[in-house]
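Next come the structures, one after another.
The following pair of complexes shares a single chain, chain A, combined with chain B in the former and chain C in the latter.
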Partner chain A sequence: MEVQARSNYFHHFWNSVAISLGSTVIGLLIAVPAAWAMAFSPTKRTKDILLWMLSTKMLPAVGVLVPIYIIFRDLGLLDTRIGLIIIMMLINLPIMVWMLYTYFKEIPGEILEAARMDGATLGKELVYVLTPMAIPGIASTLLLNIILAWNEAFWTLNLTASKAAPLTAFIASYSSPEGLFYAKLSAASTMAIAPIVILGWFSQKQLVRGLTFGAVK
Partner chain B sequence: MRLHTILLGACSVVAFTGAASAETLTIATVNNGDMIRMQKLTDDFTAQHPDIDLEWVTLEENVLRQRVTTDIATNSGQYDVLTIGNYEVPIWAKQNWLLAIDDLPADYDAADLLPAIAGGLSVDDTLYAAPFYGESAMVMYRTDLAEKAGVSIPSKPKWVDIKKAAAAMTDKDNGIYGICLRGKAGWGENMAFLGAMSNSYGARWFDMDWKPQFDTPEWKATLTDYLELMNNYGPPGASSNGFNENLALFQQGKCGMWIDATVAASFVTDPDESKVADNVGFALFPEKGDIGNRGNWLWSWNLAIPASTQKADAAKAFVAWATSKQYTDLVAKQDGWRAAPPGTRTSLYKNADYEKAAPFAEMTLESINAVDTKKPSVQEIPYTGAQFVSIPEFQGIGTAVGQQFSSALAGNVSADQALSNAQQLTSREMMKAGYPK
Partner chain C sequence: MGSIRLENVSKHFGEHAVIPSIDLEINDGEFVVFVGPSGCGKSTLLRLIAGLEDVTGGRILIDGDDATAKPPAKRGLAMVFQSYALYPHMSVRSNIGFPLKMANLDKAEIDRKVNDAAAILNLTDYLERKPRALSGGQRQRVAIGRAIVRSPECFLFDEPLSNLDAALRVNMRLEISELHQQLGATSIYVTHDQVEAMTMADKIVVLRAGNIEQVGSPLELYRSPANLFVAGFIGSPKMNFIDGKAAEEFGAHTIGIRPEHVALSTESGKWMGKVAVSEHLGSDTFLHVDVPELGHITTRTDGEFPVRHGDTVFISPDPERLYRFNADGLAA
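What follows is the complex of A and B.
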């Protein structure tokens, strides 16, 4: 009750929902065609591109904080949901492409060729043939990225003030070096992780299926 | 005529819209009891200023520091009022990142601010932040344990008195430790205490050529005595104890003495939180021999206005309200005098109701008044400060040195090795930063 009285939980909650869902959906729209191209029409540079994408995760986030902060300031994206959706989508995109690439590689190319023989266009091939077959993989990628975006605390704390602050900022407001507020901090943390824990509980079947897809030949 | 009417109408609409839309101030603040109370009492401010809305960003101290530093250094202007410490104020003021707090209302009474606190927030005699609450450090001890052990702690103790009392009060079989001190690494954790202790031992961080001084006898005596106290009379695992951990230990009756921030006095004497609330005595920060320096620990949380704000007038109105005498009265009316923000105004310590409600008031005032931020060490120094050195590089250096000393407390390195490592790393960092400047 005290936590709710001091902070507007639902304001932070809706920001978290918008940021994690928005970044994941936009990320999937980019990652699915990218992974398709890499899995079914690879070039000699595909492996290098995949490695380069992964290498962007190797740089500590704080190393690019000031340039990104200045870009966001100049574009008017500081403390906006759209700004956070963009940054969350960008930081999770390499993982999404990698995961989807791995799943797509498990799908026999002959099935797509058969679809093409039957006159399917590229779009139809993606939507009606590839996507249904890769549903477990896409679902687990989606869920994992929602969780990653929901829990991300560096960018969400640094690029927001009040309007777009998600639940990570809500938890951070209960941490204090002078004074013991463990009960409130625990209450705030439970409220912040509850939605994602519930989502994970209901979707664990899909998640496990997707993550172990192709593990045993 | 028709065009004239349309223009007049348009002007009226614009004027009405401007008057109707309230200005929104975004206030960045730390999460502590006094600041949260301020947040709850802001209805009083908005009632006086219906044209100003307030939005709060409350964060933990280190997160807030990182957040507002990024914002102010890039001139982004996301915040209109910042809560910052007296470490940042002079550094940021010299960078022209803060607006001067100069044209406050007549009833603000800036002359009432405690000189030591106001001095730490001024550059060239101009105030760049208004203090919200202030603290020094003092000894908090268990009067019942001292009596049982047959020792007395003078109100102006020396380190030998502390050592003697710690030895007498320690009863490890029953989980009582004579002394609890900060051991967790960090410039605001163990180095706040060790910085003040070193000041009282006559040590200094740098000589006049900005050469680090960890190879001097004063620093060796500081660290050796600290380790001896903690290893013989301190609680186990002290290298991970900061303010909060020691507060919990003291409140549970595990510590004979605790030397830390004066703000802790209100927590350890609160019967709702502390098992030992009725048995707490207070004394000034200890001094060493005849050196004549009681640590010079001074910290204040202050409200400052970034130069990047577009709402300077509204921000000044808020700062004036939150740090005024009227605000103190409001807190006293709502939550009692004990809850009044301490350590900023002389008038608070002349208030009989406050003196009665807060038994630690006199010692807090005496501790703060004993501080000289212009000369924290008795030796000649090229810097100002208190338990810290007022240079931007100090955060990094202080934390790295704190890690060495925390490691010595954990028994991983010797005192000599920790001092030698501290000397090396500080020399390297200062050279990289281009000192002497």
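What follows is the complex of A and C.
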């Protein structure tokens, strides 16, 4: 109660929900076609592009903080939900493309060829054959990204003040200025992780199946 | 109607010519088998006909119409894949009905045709199952059902039996042959198994390195192979090849003798050798005989021939059934 009274938990909670769901959905819309193209009509450079995408994850985020901060300031995106959705989507996009790519790779080419022989157009092939077969993969990508975006603290702390601040910023607000209040901090943390723990609990099976798909035949 | 004509068809993957240039005529209603060792381009040729690969040069005519640029679905062909390629998330009924659904037939019509196909293939009891709940042979039947349901001009089979165990393979071989008699549609069947080729085909096309080595009926290929490759490929066990002095005696660079055309005796004969291995199959006995001047000779005799490892036997070729080849390996 005290935690809720001190700072508006639900305000931050809805920010977190909007940012993680928004970034994941937009990310999927971009990652699914990208991974599809790379898995089913690869070019000579496909492997390089995949590695390049992954390499962006190896750069310490703080290295690009200043330029991104300036860009966000100029575009008026600081402390806005849409700004955070964009940045979360971008930092998680390589992981999404990689996960979906490896997942799509598991779908045997002959099945898609069979669909083509059976008279399916590209659209019907996507709707009736590919998507139903890829649903576990897409679902686990979705879940993992919601979790990643929910827990992300670096960009959310640096690019928000209060208006768009998600739960990570809410917890952080319990630390420095007044010293550490462990009891309140713990309560706040528990409240912050509770939603994602519940989500993870219910989707555990799906998530593990998605992540280990193909590891064992 | 289901005649197919290949004119000068070629296929290159980058610099590599998988199929340099092929001309072939397949008549309506024929059962044609493409046979050859792995990597000979037989599957590629089938995929070119199917439209799953684009030709590099030449034309493919189906029923006299140029189909070279047509997409697979517009060619009026149906294909059965080696891995069955069933849709794992659909029931058997939906799998078989899928091509009809894609053709926008109404539901009652689809149900009727699916039920007919299932009856032909003994799948009626399994229509509501998912493919993973079926055995290999049943899965293959579903794949065939998916092909026959839209009454295509021509069936394409890409090594459909190679994932099945030996007993089932023989059964399915018979079933496919029966189905062909029943439906009368043109069939093109790819295999590396010469037994399948011999037993099923009206016409065999022997391929090597993307070239046609010989085209003919199974018995034509057996009786008069055009060259050493075809001679060695058709027939089981493999034909014995002898060159050098022993061949010159018969006026050829190389002579070929089929194991079943060697007379065996324990007393007298043309060549003498020692039995290295004897394989008793019950109905037949295969003897692998080491002959000092010839090398290893395989012979086939009846199941009761009383010899064992190390015994001396005499072998004589049947002069009427001797194959002569010149220095280029062509039949002389």
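Points to keep in mind about this one:
In the analysis below, the second predicted complex is superposed on the first by the 212 of 217 C-alpha atoms of A that agree within 3 Å, B and C clash if a C-alpha of one lies under 4 Å from a C-alpha of the other, contacts with A are read in each partner's own complex, and residues count from 1 in each chain.
Operating definition for what follows: a contact is a pair of C-beta atoms (placed from the backbone, for glycine too) under 8 Å apart; a residue touches a chain by one contact, two chains touch by 3 or more.
What you see is a predicted model; the values in this text were computed from it and never measured.
Superimposing the complexes on chain A yields a three-chain arrangement in which chain B and chain C fit side by side.
In the superposed model, the angle subtended at the C-alpha centre of chain A by the C-alpha centres of chain B and chain C comes to 150 degrees, rounded to the nearest 10.
Counted by residues of chain A touched, the larger count belongs to B, out of chain B and chain C. Once the two complexes are overlaid on the shared chain, A:124 sits against chain C while remaining clear of chain B. Shared-chain residue A:116: touches chain C; no touch with chain B.
Of the two partner chains placed by superposition, only chain B is touched by A:158; chain C is not. Of the two partner chains placed around the shared chain by superposition, chain C is the only one that A:133 touches, whereas chain B remains out of contact. Superposition on chain A leaves chain B and chain C with their closest Cα atoms 50 Å from each other. Within chain A, no residue touches chain B in one complex and chain C in the other. Interface residues of chain C, counted against chain A in their complex, comprise 50, 52, 71-73, 77-79, 81-83, 85-89, 98-99, 101-103, 146. Listed in rising order, the residues of chain A touching chain B in the complex are 6-7, 65-66, 69-70, 73, 78-79, 157-158, 161-163, 165, 169, 172-181. Looking at the complex, you find that chain A touches chain C at residues 108, 110-111, 113-120, 124, 128-129, 132-133.
Every residue of chain B that touches chain A in the complex is listed here, in rising order: 26, 28, 30-33, 36, 39-40, 55-63, 66-67, 70-71, 73-74, 76, 78-79, 188-189, 242-244, 247-248, 261, 263, 267, 273.
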